[in-house]
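In what comes next, chain A is part of two complexes: it sits with chain B in the first one and with chain C in the second one.
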Partner chain A sequence: MNRKVLVAGLVVTLPLVGLMLMSLGRDSHKVESPLLGRQAPPFSLRPIGGGAPVTLESLRGKTVVVNFWATWCVPCVDEHPVLTAAPQRYGSDVVFLGVVYEDEEPNVQSFLREHGAAYPSLVDEGGKVSIAYGIYGVPETYFIAPDGTIVSKYVGPLRPDLLDGFVQEAQARAGTRRSDAR
Partner chain B sequence: MTASLGRALILLALLAASAGALVGFAAGVRRSAAGLAWAQRLAYVYAAAMVSANLLMVYALLARDFSVGYVAQVGSLEVPNWVAVTSLWSSLEGSILFWGLMLGLYVLGATWTNRHRHPESMPWAIGVWLACAAFFSFLIAGPAQPFHTIPIPPSDGPGPNPLLQNHVLMIIHPPFLYAGYVGMTIPFGMAAAALLSGRLGPDFMRSLRTWLMLPWVFLTCAIVLGGWWAYEVLGWGGYWSWDPVENASLLPWLTATAAVHSAILVERKGILKGWTVTLILASYLLTVLGTFMTRSGVFNSVHSFTQSAIGPTILVFLALATLFAVAILAMRIDRLSPEGHLEPGVSRDMAFLLNNLFFVLLTFTVLIGTVFPLVVEAVRGVQMSVGRPYFDRMVVPIGVALLFLLGVGPALPWGRASPEQARRALLPPLGGAVGLGALGLALGVRSPWTLVALLFGGYAAFVTFSELWLPVGQRIKVRGEGVLEAVAHVQSRGRRRVAAFIVHAGMVLVMIAIATSSTQGRTIEAQLVRGESVALGPYTLTFLGVDRVSEPHREALVANVEVKKGGRDLGVLTPRMNYYATQREPVGTPAVRSTYAHDLYLSVLNLDAQGQTLGLHAMINPMIVWIWIATGIMGLGGLFGLLPTRRVAVAPAPAMAVEGSLSPARSR
Partner chain C sequence: MKPTAVLLVLLLAPLAAAQTPPDHTPVDLAHVESIAGPPRAPRLTGAALEAEAKHIAAVLRCPVCQGLSVGDSPSAMATNMRQQIRELVAAGFDEDQILSYFEASYGEFVRLQPPLRGVNWLVWIAPGLGLLLGLGVVSWVLRGASTETPEAVAAAELPVEIVPDPLPDDPARAKAVLRVRELAYGWPGGLRPGKA
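Now for the complex of A and B:
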């Protein structure tokens, strides 16, 4: 046994592996977006299956969670139960909206019939809203404070604990309205 | 049905690899020839299962069988067949499956070519390869299963990521990268085998070096192909940005390059055995680190796969492989006793040593720059990034030092050189240095680093070409052979040496081109109204107008820019702005007009929808083409060195001495 080699090897490699281990908890999914702290781009979209258009402006005073998703996206399907279970927990102060991203309406309808829906999923004709929100890939979720500013953006499937954290963050923002929000 | 068959094949691969690893290690411990034979068979089974699983996936992709999970995820009825095939490696699960294919082919090749050789080391080597293979099979079977069954298949899928579809380089870059990364498993296993068997003779070292060179060639090409893609597609005019994922591919290349050199000292002098083995082990560990960095989501990069649950699993593998490597090094390194010693003084040997020192220094420099943001975030909780200035300031001097060695090293004789010998060897190439330096000065080079690079580059070019020419010239003079005949003889006798200098020639050219292109370019940014012109160097660029193009996945605004040089019409370049539905911001595609002297590179900064004004970013990038050409030279040179020589230079394989047990003749 060559102790010098052992010690040198461990000294070089252990901190590196340790650093990677610590960084695993790091969430590069919580993405910086130029929209953070800004007013959420307004939209008025027709829900899947018909009904009156949902207008973001009309939801002022409530915390809004906007989830961009598609039926063909495997992680979206994974997070679907987390999202459908959520509205019940939060009550009427938190509004959940799905925005369907690059998908066919019949696919979405049959998916929602099968897996259940707890909040409206909106049709984004031509992907205009997705572009306005800078959607990079699905799922992406935006958390909008009652004053209409975007508080955080999450890329990837949400877990219940993450969702709670983001919603609370957005709700807390109600008291500390940012002056630069226009 | 297809999905179940796929899962069965992956399971078979996992079983064969796990069993083969155990059998290999057992055969290594007990030196059992029968055990080795079984390990070989299991290696073939593993390879066959992986090849079949990949063929099955390709079949499913082509048949648009959306009941297979991966096909439902990346397949589409609309994409052409070649996109369908290449989407095998366009997304996470498929790329890990493809990784398995590469590993299968490598294990097959390395097991087969060494089937009658190195019986004391091969059981260990096969054991280590298959242990790695077992891990990746486990990944495919579990966390990254591409063959899960979709009970109610969708009628169509979304198709692969559009960003990966827009350029042919993005299709061929990943296979090269995987061939480079995965291939490092083979030298890793052989280096571990050298430690475990306690033997690293010249014969085994030669086999090892061959299997190190092959992935080295692929990795070299992959790194440059990645840069080329960035240059042609991303539109910022550069080919390297010190992005963590780019660095991840560079790190194992640096250590592997060092190992390729120190391996020569092992072969020739029987020294630096432990060091060489360490470099090879490190090269593989760095490829695993690179894989972790791209797949874990720890680093945010344009290159990484976004969603990935396999990060922790790869980290566990990285930790285990690292512990394994450190443990066998500590336990066995003393057995690899040197058979010679390094004489102090000015010699080629010493240049090799310095070369290794600089490559390792470079590795640590890049590694520290890459992980430093993580350290800062872990310690202070703030996000930061290490920018270009750090890398440029640190890497350029070391790179220049290596360029110096690239000239001086091969000029020096082996062993200690007398002052007279050293003078005779070192003085003539100064002509090359002065020549290239003067040429640079005449062409307007004023940056000190670039001038130094040109001086050293000229020196190295002189040495390289005279080393290539010298034996040919001698044959012509002494034996009166014709040029072609002499070249044919020289390349067949000393193929590896010739190949090495071809690679060096490519490397010299790459370094000169990098130094020139990164300091001697010219850039302008201009706002042009329709019909307006701007001058850049010898060119006059006129904005003619905008075309609107609709493509299935994107809308694009294409700017038409007329290029004239001294009144001569060179045609219209069309940089464009693409609007993907799936992208945050519009993605520009530059237009490049390449010549041997320089590239004219145009990209769109902004463009109004009416096509009245264009914000144009125009660059003259000197010598860029030579980076791609020289990399081709390096790749071909490397492959050329791997061709079997007519005169087999390898010692006869030691026969399996006794039935059922290996030759006990081992140097302890």
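Now for the complex of A and C:
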């Protein structure tokens, strides 16, 4: 009788324990982007402060770094100096773009005046581009290869060493899946 | 224009303005078509459009919320997604196409009801399988209990004899223990009846 109870208990609990062990060490908030290895969704967005719309199509042939951010996001403020210094380091082969996520244009203008801007930040009216890129929150950064393929996505504030690695990967190859999270 | 029509337009204008944000740009239909194919449903308007959009929003997960549908969430992201759903329904995309479009960005996670394919079958059949397994285990245990012989059941229910009345090696202490047993249990000479 006791042996039967033990077997029945093991039958019920072992699969649950197995599931728990499989989940150990995994970030429950991390969801792999289905966009990796695919063509980046096209966009044509006007820059903050006015000017001609920036289209992704016009940047074909260059490595593109698209950073989704907002002024109310503390990690975005933390990574801002890293991204602001980046264009000068990489030269004209790598294009940096900011896409403003759920923020007011005057706030963004004020922030950029105070903290500096080294590349265009674009207005995403109605969150159209954020949704097309599967954004969950900010900051999130996509690295697009010269052929328009999304090579990698990073969730969280970028550090210079991480940025170097992702840019080099995007420059070196297209269509390889990679995802990293905080 | 008749006065009633003018009145109707004036009354409905604020509603339309509330549904479409002033700075809103339409969804890129060519991009949606590249993912979901050309529209294959009738272009809906008015109440039919709202009903279909509401239905689709109810089965789409709000990506920035905890377990809320796009229809239930008050977040800005969900509001934007509801607007996109309306535009896509108005453009003639059906439910499956619209869900596929959002799935291309967010993965299958964005569907509140996972489609019946691949390992998703497990989600649908696991509860039934678990119930059947549980019933099987219970019936197995009950059947095993009912097949036990009366003697075995009786033996299992008898109190276990814990000690065979051991005595200390020291004769004086052994004598004291026997005396205690005689007083406590009424055993003649301190020995268990039938064992002496």
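What we mean here is this: the second predicted complex is superposed on the first by the 142 of 182 C-alpha atoms of A that agree within 3 Å, B and C clash if a C-alpha of one lies under 4 Å from a C-alpha of the other, contacts with A are read in each partner's own complex, and residues count from 1 in each chain.
Quick note on the criterion: a contact is a pair of C-beta atoms (placed from the backbone, for glycine too) under 8 Å apart; a residue touches a chain by one contact, two chains touch by 3 or more.
Everything quoted here is computed from the prediction, not taken from an experiment.
Undergrad: Please determine whether it is chain B or chain C that touches the greater number of chain A residues.
TA: Greater contact footprint in residues on chain A: B.
Undergrad: Could you look at A:122 and tell me whether it touches chain B, chain C, both or neither (first, second, both, neither)?
TA: Neither chain B nor chain C is touched by A:122.
Undergrad: Applying the document's definition of touch, where does A:131 land relative to chain B and chain C: first, second, both, or neither?
TA: A:131 contacts both chain B and chain C.
Undergrad: Per the contact definition in the header, classify A:162: touching chain B only (first), chain C only (second), both, or neither.
TA: Touch partners of A:162: none, neither chain B nor chain C.
Undergrad: Go through the superposed model and pick first if A:71 touches only chain B, second if only chain C, both, or neither.
TA: A:71 sits against chain B, while chain C stays out of touch.
Undergrad: Taking the superposition as given, does A:95 touch the first partner, chain B, the second, chain C, both, or neither?
TA: So A:95 meets neither chain B nor chain C here.
Undergrad: Looking at A:23, would you say it contacts chain B, chain C, both, or neither? Reply first, second, both or neither.
TA: first
Undergrad: Kindly classify A:10 by the partners it touches after superposition: chain B alone (first), chain C alone (second), both, or neither?
TA: first
Undergrad: Is A:41 in contact with chain B, with chain C, with both, or with neither (first, second, both, neither)?
TA: second
Undergrad: Contacts for A:107 in the overlay, against chain B (first) and chain C (second): which applies, first, second, both or neither?
TA: The first partner, chain B, only.
Undergrad: Shared contact residues on chain A for chain B and chain C?
TA: The overlap between the chain B and chain C interfaces on chain A comprises residues 1, 5, 31, 102, 127, 130-131, 134-137.
Undergrad: Quick one: which bits of chain C touch chain A in the complex? Just the residue numbers, please.
TA: Those residues of chain C that touch chain A are 21, 23-25, 27-28, 31, 63-64, 76-77, 80-81, 83-84, 102-107, 109, 133-134, 137, 140-141, 144-145, 156.
Undergrad: Considering only the defined contacts, which chain A positions touch chain C in the complex?
TA: Per the stated touch rule, the residues are 1, 4-5, 8, 11-12, 31-35, 41-43, 102, 125-128, 130-137.
Undergrad: Give the list of chain A residues in touch with chain B in this complex.
TA: So the residues of chain A in touch with chain B come to 1-3, 5-6, 9-10, 13, 16-17, 19-24, 26-29, 31, 70-75, 102, 107, 127, 130-131, 134-137, 155-157.
Undergrad: Sort out for me which residues of chain B touch chain A in the complex.
TA: 69, 72-73, 154, 157-158, 161, 274, 285, 289, 292, 296-300, 306-307, 311-312, 315, 318-319, 322, 325-327, 329-331, 333-334, 367, 371, 374-375, 377-378, 579, 581-585
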